[in-house]
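Here you go, one structure.
Just so it is clear, A, B, C, D, E, F, G and H label the chains in written order, and each chain counts residues from 1 on its own.
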Amino acid sequence: MSTWQLADQVLTSRLLIGTALYPSLDIMQQSIQASGAEVVTVSLRRQSTAGQSFWNELKALNRRILPNTAGCYSAKEAITTAQMAREVFGTHWIKLEVIGDDYTLQPDPFGLVEAASTLIKEGFEVFPYCTDDLVLCQRLVEVGCRILMPWGAPIGTGKGLINPYALKTLRARFPELTLIVDAGLGAPSHAAQALELGFDGVLLNTAIAQAHNPVQMATGFKYAVQAGRAGFEAGIMPERDLAQPSTPVLGKPFWLAN
Amino acid sequence: MLSLTLNSQPITLSPNTLLDQLLAQYLENIDLPFAVAINGVFVPRQQYSKIALNQGDSIEVLSPNVGG
Amino acid sequence: MSTWQLADQVLTSRLLIGTALYPSLDIMQQSIQASGAEVVTVSLRRQSTAGQSFWNELKALNRRILPNTAGCYSAKEAITTAQMAREVFGTHWIKLEVIGDDYTLQPDPFGLVEAASTLIKEGFEVFPYCTDDLVLCQRLVEVGCRILMPWGAPIGTGKGLINPYALKTLRARFPELTLIVDAGLGAPSHAAQALELGFDGVLLNTAIAQAHNPVQMATGFKYAVQAGRAGFEAGIMPERDLAQPSTPVLGKPFWLAN
Amino acid sequence: MLSLTLNSQPITLSPNTLLDQLLAQYLENIDLPFAVAINGVFVPRQQYSKIALNQGDSIEVLSPNVGG
Amino acid sequence: MSTWQLADQVLTSRLLIGTALYPSLDIMQQSIQASGAEVVTVSLRRQSTAGQSFWNELKALNRRILPNTAGCYSAKEAITTAQMAREVFGTHWIKLEVIGDDYTLQPDPFGLVEAASTLIKEGFEVFPYCTDDLVLCQRLVEVGCRILMPWGAPIGTGKGLINPYALKTLRARFPELTLIVDAGLGAPSHAAQALELGFDGVLLNTAIAQAHNPVQMATGFKYAVQAGRAGFEAGIMPERDLAQPSTPVLGKPFWLAN
Amino acid sequence: MSTWQLADQVLTSRLLIGTALYPSLDIMQQSIQASGAEVVTVSLRRQSTAGQSFWNELKALNRRILPNTAGCYSAKEAITTAQMAREVFGTHWIKLEVIGDDYTLQPDPFGLVEAASTLIKEGFEVFPYCTDDLVLCQRLVEVGCRILMPWGAPIGTGKGLINPYALKTLRARFPELTLIVDAGLGAPSHAAQALELGFDGVLLNTAIAQAHNPVQMATGFKYAVQAGRAGFEAGIMPERDLAQPSTPVLGKPFWLAN
Amino acid sequence: MLSLTLNSQPITLSPNTLLDQLLAQYLENIDLPFAVAINGVFVPRQQYSKIALNQGDSIEVLSPNVGG
Amino acid sequence: MLSLTLNSQPITLSPNTLLDQLLAQYLENIDLPFAVAINGVFVPRQQYSKIALNQGDSIEVLSPNVGG
């Protein structure tokens, strides 16, 4: 399997996976193993017994860690959270979430650009969780983002890619950037579709963690990103409006000849 | 005595308590990495021994947790 | 990887693959290998040099053979072709195609039922290439079909599943039958989607053979059916209309508390 | 002499030629499995030696080929 | 407003409307008036008090009547019902329904062709409620149908056009036939879309009768068919992938010049 | 027909129409008449012969004028253009366009909020041409917008509503605001759909002006907004997954009884 | 006496009753158009006076109703 | 003499020319409403007689046109 470059890392898997919402830490651990993901997202919260067990599991998993700023509603909050995460996890990677709305949990374009600008100046590698808005993405690139993570659909809805047109536009306009679909995926086929559009990877959590069988679903998504990437690289046939036979018409017996 | 909060819990400290003294006291059983913010501002680890806490300070001590 | 039952065979792969339209026999052979498919479709035509080379390759591949009746426009033609195929290939399996229209190459519901009925009485295991019409499928089942192969879209169009509602209805109404989506798939995500709907497998040709890189595309489809099947078995999360956070809200710092 | 067609090619045969005689003659260099239909009706292999060809017969000899 | 030809009638409205499921006969009467429909569908049932009142209303409405064979599950049943309807309503028009499945209420292609063939020989003008299957439609035409009424979606689901590709194919392949979308429409925009595809009319019932306000919804559908037909005749712009300004770029002030 | 309130005006038609791209001024004039629109959009450009004729036509049409800031790429440009428009047209209405990208012609969320904020302070009634981004829309409301005009699709593409989910969210979250879909509509059914979602109106230009027959297309859109609004007010039936008969099952003859 | 059904209701008639006699009797108060089928076969109006009913006949009399 | 532009066309004016003088001269045949911006800044009508033009000024005079 070929490798790809995510920021300063060379990776094999194009699946990034969250650590929340699993029925148990044991199932989380098995799911992450099954997914093949080399990058896992985590958060910062006040200490708790659960946090202690999680930390032990996480160390044992030995994956690249991508801390998030989940729950932040302003640039200032997100910046503080990012700074704390850098110290705790020893990584300058940050999944930057600045939420603009309680119900859709959608990114706030304004706070996001402000926070990204500051964090990049402070040396962070910012993975902005953003909408599929082209102009927002341009601003993020202007302040230094090399990675963009537009949503497929609102977090946790499992709707898949609600606006493929916008995502195609992003891929066409930012051929050099690393583009990852983050949030909203529900089924392996959604992940495959994202990769087929030329996205470099997908990040998801709920669809695996809340499946009836998370470990098996993790396997499904592992294959899905391989399927979609292979499809993208191999060159998907253009859609046609008219049917075309696959079996040859030459050499047909006389009764098929007319 | 100073009144302040640690992770939203009210605590009282004698004046001139330093941050590292507070942390030593409150986190003695904790084996988790953590980071600290005071009043919403990140405090790097190297400054723990230089920072005196003030009346009304709101201290957050955060550690790894699950996340999406 | 788990196995499944296709007629009298136990298989591992849920991908069935055609042998036509490849740039070369060598690429055909590599693509079939890469696809992991254990069943390949073939046709009967008048002898030709190309046919000779193909036959040699086919024997070497050592896959289960599913002959088709491609190009037949009537039940009578299809029945004769099926009888010849049984003798040539030594198999009672037959992919039954009775084409009803030159432009869409769509199955003829009327000729199909007639031919299926006759062939089943003659001991064939009929794999009918059919539309997604529920009543047609009921008729096919009534005359003895244990396998149905509804189209995803017209042959060679690459449109994917143009009527998922109809396919879902078929799966719901025929829980015990073997259902395979045949024709019209263009991208690995289409195959994954078919499997996620609970279909037992997919059969395709053009999407692989006409890709820029058929061998890699074959790999993509191999993963896609694994992805989709794992997703189906693991239980895909229901789609939600409202966003739901994955990262916990409990234990948030005060600045995220409101 | 009889006029008939083999895979749409006109051929002439002496009367009373059996199908297996025709096949032996026309397919001698062929190493492919095949099946035969006469006038659109399948002729099983076991009958090759019993079938006499008739004026105007349309004979198809088909072999494996690529298919989707 | 221009007129069109439906069988032997010249009509103005392209909306055909059902008479069932209204909250009251009074609302039925007002809805039909508001809809502008000139053709209404009716059924045959055993006598009842409700039937008596309905008949009085129907006579007063003075619309062209299209009796249906709703509820028939075989050609024989449908033929008998059609014959009775001809005598009762004094019309050779018949909306031919031969249902093939209890759950989807979808047309039975086999029974439909059989019944249509018989009825056309007996002098009926057959309006077959059919699926969007091209080959079925060809058979119906072969037995003499001059009008086809493919479904948009299963009766009463309100899903709109679930397979626009199939409907477009029918329009393209039968340029001379009268094509009416029957069943499955839920919103005025669905009716407009059907007309925009070049369909000659739509027939619906549930979407109006079961609206919160049936009379107003009837008005909505009246406008919808006018909207869609005007769009079709006026020539809908082709969809483009790239944005194009409407306001001219020539004569822009210097600050807009770059 | 009922009326509605747009800013300080009471209107009857829910269609707002552009004045560009028509084959001739004469056809523009007839199209606007046919559309029933009471509000027309115009621009400011350097004087030209064409401008003179247009101005004469426009005065004769006697419609409410909504000047735009088309072509502006910054808040500053848009503000100057708006100020000039107010003086020229004698209206404080302004369709605020701040374009963020040359290819998609999509609104720039950042410049838009900045310009809207300034213009509202200067007494303008701002009609912002915006994306369907909820957080952007919240910001526009915070700076004083009472009207929002999210796009359906990029200008001139004719794709219709590419993200109905986002538009539904806007309607649900801003029940009191005036919401108008601006740009991207191609067919009357698109306009009907927007109104059915509860949008107060639609603004369009290309779909009418570039139709084969603009005058007839204008009629189509006139009916489409009436159709969609009636549908919205009348209460569209919920979509169902299972078919439901419209014709009663009670009183069926015995041969339909099973 | 004959036993038969009219719209699924059991009725008894004397032998040799004609269809129009039955209809006159059973439909006297009905002001609706109707059509008749016996045993699932349509009976045109002109034949009412010529058809004698038989033991076990299943008679349907149908009239206009709402429909979609 | 001053060099400036009017709608991107170079023009020359004597020093101390007022905006309304320029407009009178250049727009005499125009029967269209218009508005003016200098160097990208809107100039209200009431100020035309008070504004002296400067070297390098970029003057825009805009009028109604079609728009979407």
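In this section, contacts are C-beta pairs under 8 Å (C-beta built on N, C-alpha and C of every residue); 3 or more make two chains touch, one makes a residue touch a chain.
No experiment lies behind these values; they were computed from the predicted model shown.
Looking at A-D and C-E side by side, the one with more C-beta contacts is C-E.
Among the other chains, D has the CA centre that is most remote from the centre of chain F. Chain centres here are Cα averages; for chain E and chain H they lie 62 Å apart. Chain F has its Cα centroid 35 Å from the Cα centroid of chain A. The geometric centre of chain C is 72 Å away from that of chain H, both derived from CA atoms.
Between the CA-based centres of chain B and chain G the separation comes to 94 Å, rounded to the whole angstrom.
Each of the following residues of chain G touches two or more other chains: 7, 37, 40, 60, 62, 65-68.
In chain E, the residues that touch at least two other chains are 18, 20-21, 43-46, 48, 51, 68, 70, 76-77, 80-81, 103-104, 106, 155, 159, 205-206, 245-248, 251, 253, 255. By the touch criterion stated above, chain F contacts chain A in their complex at residues 100-101, 103-104, 106-110, 113, 131, 133-136, 138-139, 153, 159, 162-163, 165-166, 169, 173.
Across the interface of their complex, chain E is touched by residues 18, 20-21, 43-46, 48, 51, 68, 70-73, 76-77, 80-81, 103-106, 154-159, 186-193, 196, 205-207, 209-217, 219-224, 226-231, 233-253, 255-256, 258 of chain F. Of all residues in chain B, only 7, 27, 30-37, 40-42, 44-45, 60-68 touch chain A in the complex they form.
Of all the residues in chain D, the ones that touch chain A in their complex are 5, 7-8, 37, 40, 58, 60, 62, 65-68. Chain A meets chain D in the complex at residues 245-248, 251, 253-255, 257.
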